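Alright, structures below, take your time with them.
Next, two complexes with chain A in common: one pairs it with chain B, the other with chain C.
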Partner chain A sequence: MDIFAALGNVITDPVLMLWVLAAAIVGMVAGAIPGLTASAAIAMLLPLTFYMEPLSALAFLYVIGKSGRYGGSISAILFNTPGTAASAATQIDGYPLAQRGMASKAMKVATISSVIGDYTGDILLIFGVGLIAAVALRLGPPELFAIYFAAFVVIGSVIGKSITRGLASAVLGVLVNMIGLDPISAEARFTFGSFDLTNGVSLVPLMIGIFVLGEVFSQIEARHSPVEIVDTSRDHDARARNRLSWAEYRPCMPHVIRSSLIGSFIGVLPGLGSSIAAFVAYGEGKRRARNPEEWGHGALEGIAAPESANNAVSGPSMAPLLTLGIPGSTIGAILMGVFLIHGIQIGPTLLITSRELIFSLFACGLIGIAMYGTIGYFGAAWVGRFIIRIPTNVLYPVIFLTSFIAAFASRGNLFDVLVMVLAGFGGWLMKKFDFNPAAFVISFVLAGGAEETFRQSLLLSHNGLLIFVTRPVALAFLIIGVAALVLRARTLGRQAKEAALNDA
Partner chain B sequence: MDRRTFVKLTAAGTALTALSPSMAFAQWEPRRPINLIVPYGAGGGTDSFARALAASAESALPVPMVVVNRPGSSGITGATEAAGARPDGTTFMMTSGGSFLLTYLLRDTDVNPFDSFQTVAQIGDLTTSLMVPMNSPYQTIDDLVADALARPGELRWNHTGRGSFHHIAGQGFANEAGIEAVDVPFDGGGATRAAVIGGQVDFGMIGIQQAAGFESELRVLALVSNMRDPIAVDVPTFAEQGYDVPLISSPITVFAPNGTDAEIITGMEAALQQITSQPEFAAAMLELGNTPGYLNAADARARLEAMRDAAAPIVAALEE
Partner chain C sequence: MAGRLNQTVIVGAMLALFGIAATLASFQIEIDRDGGWGARIFPLAGSVALVVLGLVELLKGLREGRVTALPAFNAWAIAGLLVVALFYVWAIGVAGYLIATAIAAPLAMLLFGIRDWRALVATAILCPAIYHLIFFEGLGVFPPLGRWFDLLDVIQGY
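After this line comes the complex of A and B, so read on.
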């Protein structure tokens, strides 16, 4: 068993353990700061990892992803402001509990559920990655394109409030990705003769712009509505109220198990992410709950379900990245860059060339979960108080400046800073006008691979487009994509009717 | 004393120079750190060579050698910066000479290896090879060529991207053998190799070092070189099998901006020769699946000129 050997190696490496611990804390704090997501923190800390050992670098960023997903629940429960999009589902039941003086109990439920969800996802990843990799070697460009196609369809169907604006955001992401050298003929396109654009727009400055600078702009706008923390007093009564017993947690267990599986499944699909997993799990949990009337008014199950799904995404979302080279999420896309920087070739041959490293990375993930779980269980309220004590007129300027440094440092290129600033304004405007910045970024991430595999398929084919139909695996994924589209169109039609009826 | 004699003397005096490093530089005494611009990202193939070089430079240079990554535009961003740097011996560029040359031939760039730079030395050479999946019916190049001639336009082959030296070398082989086959570009060596292993294509042109560790998945049929690879010694060259494939490879070359003093160039050339002859540099190269391949300034430039003459007709034919 590779994973046990890896665990042994990792635990006996103090430097590596320190990085994992640092990641657990950094991720938790970044996730808890309203506006900063785990992927934003990873994009900003990326340049730091160029100077680290490959395993430390990957483990550091991977664990930030995990604890950042968890950290969002801290601000959702304590400040009634979701730290990440995914924790908006936690907020529904978390904040009512906090108002009743049971913030610590809510945090404990969130912590335990996140940890269980994260372990479920990671264990499925560890046992599944070998199987997927073995199959992955037989998948060629047509099959990969069919997977990309299915991903795009699924993204398109969960795109947010306005379908047209969501789709427009996704199309914009695809168009921006096309800037630079054509992946097949290596001809320049959409570069307007600009020398800097021939290599295209890099992901890291783009993401820092959209997710960090854009958020800072939004926070400047919202400056006059101060964030308030609920009372976390520690008198005798409060302690008694916030004690969590197994009898109280037991009803959450079925929800945690179901949500962990939902989260893992959604995680393995490229393009979806934590927030969708959290909301699907919340909806599904409420539908099946014995006490649906309590959901929304401070049900512990209503915290357990989205939190476990949110964190279960983390592990399985690595599977398409590691085995197929398809970045399933924005975090995956950044990690892909880190693998490249350290000369590790991801894809189906990864388990042949870097088996030890990959299992060590998984082991770091398992340890990281235990670390953020322990810190969170005993210290989440303290982390909340720490964040609230930093004045926003210090915090956001610091984040603002850091985003410039991070954008420059990722490649030492001033043009990237310009890209970051433009993306920052773009991201802010997109949010303001209800476009979907997340759909923009994930389409940007997936578009390159989709185009490349599509055109490779056509070159490989002896009969043009028929190659997608004559290869069974490719056909299967295309059918899944189309079926998802049809299904979604139907439910949308029904929802539209219901909405219309309600209005009337 | 002319440059060649100087180099020979220096080579003979390696033992002596180990005792007094500064002896290697007759007049050139670098005082400030040397910036070695690598026009590719940190961690890539070319960057690993630069890191190996910088790590072994300590005993041969009195100042540190700092690797500066300036990626972008297929290596042209960094090359433009290096060409415009002050020629005072503090800035050099190390790049994949093959990629630089081919980018220049294909895209008619403002900077080029011959007019914008002075060649300092070559420190290694990357070679490409023709690989087939293990279960392929082709045991030799002759099998492949016979099948390709029987089914013109039917075969599919891949490489690491149009304009890469793997692509041009593969096209050179196709032209020489008179076969027609469709090329499918992939992104980088890893993806290209995985597609060959998975049988997506009939053959692929991939760096010989990529075959290490994949002996049970891949069969290397021929190497594009005039001699066998020092590590994969069992792989025959194209020439051995009767095919006169143009020698397109990717020499790792160090350049200096135009206008750099002759004594700086000679000093750096000598230092590079000393570095590349050290066992720790050889060990670092071995880890990258390669071996040091030192050529002095004149030979390194001649090598690039020969490659230009070999590649130009292939590139011209592609652009028709």
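After this line comes the complex of A and C, so read on.
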């Protein structure tokens, strides 16, 4: 019932509705610009939200995340360049369809599927978050540390090409978080006598560096490769060709339902994210399809499956953040910063202390989905044509300059700007060498809570490590972490063998 | 030369070296008075984990039958952007936001291939003005003042 009251409150607040609308547009455009992700847009706009009401700030960034995930499909279909990693799966069938003059039809399928997926994820979140929070309230420090451990291992090992580099990214994130004064004993750690480092490294400049400036470094290398849009003409024939009927969409529905559930499940698991959900849904959809031979050549189902899974991740990825204080995605990590900046303590008690705020945030999410769905259904091709007019050799210098002032505005500290520059260069290096910047950032955010729960556990056990093994829930999560690592190692090993055999 | 270097070995060695340095730095952190590991345990565990991961990567590289080349990159463009970025941070500190941005904005445009001098001049004037109005006037962020000189002192008075 809370959600209906929250929906009423949000709809009757015109200022909040304007923020949600702005977020739907900004996210869609940012997601559709090749190279610029929703995370980058959120990181860049984060300092602006410090001056907003908590709900407006959270809703603005949350809806940018949602519409940004969808926006990636616009560039995947129209430019043959995925706007986000997750939309690479959409590109497989979306672009061939666009080449046959059916870009608008492909966009309509992507939009409807994204909206259904997003609503599925959000509804599951709304009804499930209370249950997870109730369970989370019963967990003690050893169990929470075990969850953190499993999250570190899953985040580090499951995404990316290399387990060791992924795990190293996670460990580096932990080590960077350790810089500064120990929160319990005030002992200086990794400060090397620098006064600036005693305050530690702030999340906002680190994120802006990794996701925004890091992308500017990548784009300066790609500045001579122009992006071309497929023909989106609007003559009579084209309109008839691009009309989407229920008979055409009906075969997509089983894929959309299945993929939405796949995306929702993957979304709850910390760190896996949209791209894994999209590719798992695409693979599963193709395996079960009646027309697998058409997949990869412009099958509507091949667009519907990854798009619904991609967006279904959005809502459930908030569940670990809101109930355990563990961000499940980079967007979750940024939102965690917003909660903290506005003095809202996240964790199992959040639904007790800030219930109205959380349900209002969910309501904003539901309204945001409707907004980006409507804009996307009728105007995705227009958004594509708008983006193609933005010259990247002007856009990226502007983003470059914005990243500096955004990093400064977070704490009014020039040292943060230096941190942002170093993080930007480091983020570019990480991408170049197949490290995992997302794992680095999420681990940076998780490290504080993990250390706190670990030390609390040691206090409970008088410095005995066996406390993590003798508590069944803690042991289960430790085993999950190790099992995920072993499974991933085996999968990569099998793939390497297959590749070697193919080469031979 | 770069093509013959094994990327995995280099990455592994760098990680291991970084981990060893972090391990040594971890031992500089005092342990608790009661003998507990306290503030040292997490940094030390992370550092040792990094050494282990570095050694695993190094061994993997040494066992690889083929040479994995270092990734190709546009050194001049990357180095140029890094230099401009570091210069910009330094310039904000010594000359304030307006002058630093008036210099950095056209430099960034040049790096991205804009050669029209009118566009560069417009960038040098408009970028500092627009950002100043949005962030320092609109949002009320206190601007970073230059240690040597700041244009705001001239415009707004001391």
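Simple rule for what comes next: the second predicted complex is superposed on the first by the 490 of 504 C-alpha atoms of A that agree within 3 Å, B and C clash if a C-alpha of one lies under 4 Å from a C-alpha of the other, contacts with A are read in each partner's own complex, and residues count from 1 in each chain.
By our rule, a contact is a pair of C-beta atoms (placed from the backbone, for glycine too) under 8 Å apart; a residue touches a chain by one contact, two chains touch by 3 or more.
Source: prediction; values computed, not measured.
When both complexes are superposed on chain A, chain B and chain C sit side by side without a clash. Looking at the shared chain after the overlay, A:Ala447 reaches chain C, while chain B stays out of its contact range.
Which of chain B and chain C touches more residues of chain A: that partner is C. By the touch criterion defined above, A:Phe433 lies against chain C but remains apart from chain B after alignment on the C-alpha atoms of chain A.
In the superposition on chain A, contact is made by A:Ser185 with both chain B and chain C. Between the C-alpha centres of chain B and chain C, as viewed from that of chain A, the superposed structures give an angle of 70°, to the nearest 10.
Look at A:Gly464: by the touch rule set out above, it reaches neither chain B nor chain C.
Of the two partner chains placed by superposition, A:Gly193 touches none, neither chain B nor chain C. Once the two complexes are overlaid on the shared chain, A:Pro14 sits clear of chain B and of chain C alike.
Touch criterion met: A:Leu418 reaches chain C, while chain B stays clear of it.
Legend: residue contacts after superposition of the two complexes on their common chain; A:Arg165 is shown touching chain C, with no touch to chain B.
Within the superposed three-chain model, A:Gln345 lies in touch with chain B and out of touch with chain C [touch as defined at top]. Nowhere in the superposition do the C-alpha atoms of chain B and chain C come closer than 6 Å. Shared interface residues of chain A (contacting chain B in one complex, chain C in the other): 184-185, 412. Here chain B touches chain A in the complex through residues 41-45, 48, 68-74, 76-77, 106, 154, 156, 161-163, 182-191, 193-195, 197-201, 213-214, 217, going by the rule given at the top. Listed in rising order, the residues of chain A touching chain B in the complex are 50, 137-141, 181, 183-186, 195-196, 198-199, 325, 340-343, 345-349, 352-353, 411-413, 452, 456, 459-460, 462. Across the complex, chain C meets chain A through its residues 7, 11-12, 15, 22, 25-26, 29-30, 32, 36-39, 41-43, 46-47, 49-50, 53-54, 56-57, 60, 71, 73-74, 77-78, 80-82, 85-86, 88-89, 92-93, 97, 101, 104-105, 108-109, 111-114, 123, 127, 131, 135, 139-142, 144. For chain A in complex with chain C, the touching residues are 47-48, 51, 162, 164-165, 167-168, 171-172, 174-175, 178, 182, 184-185, 187-190, 192, 213, 216-217, 220-221, 223-224, 392-394, 396-398, 400-402, 404-405, 408-409, 412, 414, 417-418, 421, 424-425, 428, 432-433, 447, 450-451, 454-455, 458, 463.
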